[in-house]
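Letters A, B, C and D name the chains as they come in the text, with residue numbers starting at 1 for each one.
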Amino acid sequence: MTKPFDFVEMKLPAKSEYVGVLRLTISGVANRMGFSYEDIEDLKVAVSEAITNAVKHAYYEDDHGEVTIGFALYHDRLEVMVADYGDSFDLEKVKEDIGPYDRDMPIDNMKEGGFGLFLIDALMDKVEINNNHGVIVLMTKYLQENEVGQNDDQISTTQ
Amino acid sequence: MTKPFDFVEMKLPAKSEYVGVLRLTISGVANRMGFSYEDIEDLKVAVSEAITNAVKHAYYEDDHGEVTIGFALYHDRLEVMVADYGDSFDLEKVKEDIGPYDRDMPIDNMKEGGFGLFLIDALMDKVEINNNHGVIVLMTKYLQENEVGQNDDQISTTQ
Amino acid sequence: MNLHIEDYKQNQTTVIKLSGEIDAYTAPELKDKLLGYLNEEGAEVHVDLEKVNYMDSTGLGVFISGLKTANEVNSSFKLINLQENVYRLFNITGLNDVMNIENTVRGDIK
Amino acid sequence: MNLHIEDYKQNQTTVIKLSGEIDAYTAPELKDKLLGYLNEEGAEVHVDLEKVNYMDSTGLGVFISGLKTANEVNSSFKLINLQENVYRLFNITGLNDVMNIENTVRGDIK
């Protein structure tokens, strides 16, 4: 566990309007680090899922809380933390439901949601969820060897 | 002075790498509020100038401090605050130098900088600078009447 | 970050042409439009995703709703011209098994 | 947010074709390139800004340096194909009075 060489923090109202704003921010951060186009797309989806969850599930209807997003930029990876201070949930119970579409399930029984955490898990290299007070999702994406080498634009420590 | 209906905050390392990241964020915020393309361009330049100043002037060479950016979204305007905790400067003295290029000045005497604060002032509707501890630049841009009316995408209070 | 929705009749088919991004903010309007059309018995809808460069699980949710409505009232819809990164989400989640998806186009780098 | 720099000879002239954004992060490389060419006596440089959709005072600073160098060593440069929003900054600051700027193109909405 080496120290991050840069840390970026953002606080947003937990409203769906801001999910797209955050996507622009993460595109920028990931671009500067030298992530590939495909990896940037993955990051955008995963982070949007985490924030959308905070918007949808963390707070009651009219009580718009905040979401805090932290980006820890390491030489070899980006860690993104998405935290809210709203309702927690039963992770074990939710975990049972996480997965791709089950082809034996009749369409009428399909849930209209439930793919968010599954996608986060599929698109990131490492995911940790802490839900004692509010929910904290910590997601890691590693720079591929060749990405680091290929791109001159990545952020340097020394500058 | 009505209360802002939303507040977004961001903390960045005072490094030039992040000026472009912040530009993406402000584009998103201003787009959601319904600012016109031209006004979004103005906002991008003004905010970049303020952050570039914090990067260039606030901290000593190897001491990379932080820049805090606050967006206060009102119904009729966006206020952007850019604050650093580095060196302050003599505003009165700097003010004497602020202005467009003076055509009587021989090219050899021209400074290569010095247009940052001038542009902020030209592109925003209102600018306040506080430099007691570090520097705080507070910039306001109003939504034009027709911008507010034209765009359905602006953020609503009630949602 | 916004979603532009254009819809028109083409012979028997209704085409919904989307451009932009499908997320939690833009999905509700799309859902209204799509379900509005699918609630008519026998309706045939083509959702053209050629200019959609971003979608997340909120979009998947809209199309699952569409599927359920179509099943109930006996209408149908098809997704066409998906960009690579959008198609991928149907693939990863296995929803390509139940959705009617036609010809994927290459994702264009923007 | 990045700046791509392409440079080549065209008859007697050196063309520096830029695409992307000129800001505090990308300006240093541009300054090196530009001054590198202008430091040669008699050099003629065209800086093509057609694909530059963003510039701020850091960019103005680079071109002021260019002007000073050109003045010193008797070389010259010209800015061509500026987008509307980039041209505006030269206009607001009055620098269009001293810079050699040729044919502005319309800013394209992106």
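Heads up, the rule we're going with is that a residue touches a chain if its C-beta (ideal position, glycine included) is under 8 Å from a C-beta of that chain, and two chains touch if they have at least 3 such contacts.
All figures in this text were calculated on a predicted structure; none of them were measured in a lab.
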**Request:** Treat each pair of touching chains as one step and give the shortest count from chain A to chain C.
**Result:** 1
**Message:** Considering only chains that satisfy the touch condition with chain B, which of them also satisfy it with chain D?
**Reply:** A
**Request:** Would you mind pulling out the distance in Å between where the CA atoms of chain C average out and where those of chain D do?
**Result:** 45
**Asked** Which whole number of Å gives the spacing of the CA centres of chain A and chain D?
**Response** 39
**Prompt:** When the centre of a chain is set as the mean of its C-alpha atoms, what distance in Å lies between chain A and chain B?
**Reply:** 28
**Request:** Two or more other chains in contact with one residue: find those residues in chain B.
**Result:** 16-17, 20-21, 23-24, 28, 32
**Asked** Using the touch rule from the top of the page, what residues of chain C touch 2 or more other chains?
**Response** 1-2
**Request:** Could you classify the connectivity of these chains, where an edge means two chains touch, as line, ring, star, complete or other?
**Result:** other
**Message:** Can you work out from the touch definition every pair of chains that touches here?
**Reply:** A-B, A-C, A-D, B-C, B-D
**Of chain D, residues touching chain A in the complex** = 1-2
**Complete:** chain B contacts chain A in the complex at 6-13, 15-18, 20-25, 27-29, 32, 64, 155, 159
**Request:** Please name which positions on chain C make contact with chain A in the complex.
**Result:** 1-2, 21, 23-25, 54, 56-58, 60-61, 64-65, 67-68, 71, 85, 89, 92-95, 97-98, 109
**Message:** List the residues on chain A that touch chain D in their complex, please.
**Reply:** 28, 31-32, 153
**Request:** Sort out for me which residues of chain B touch chain D in the complex.
**Result:** 16-17, 19-21, 23-24, 37-38, 41, 44-45, 48-49, 52, 55-56, 100-103, 107-108, 110-113, 115-116, 118-119, 122-123
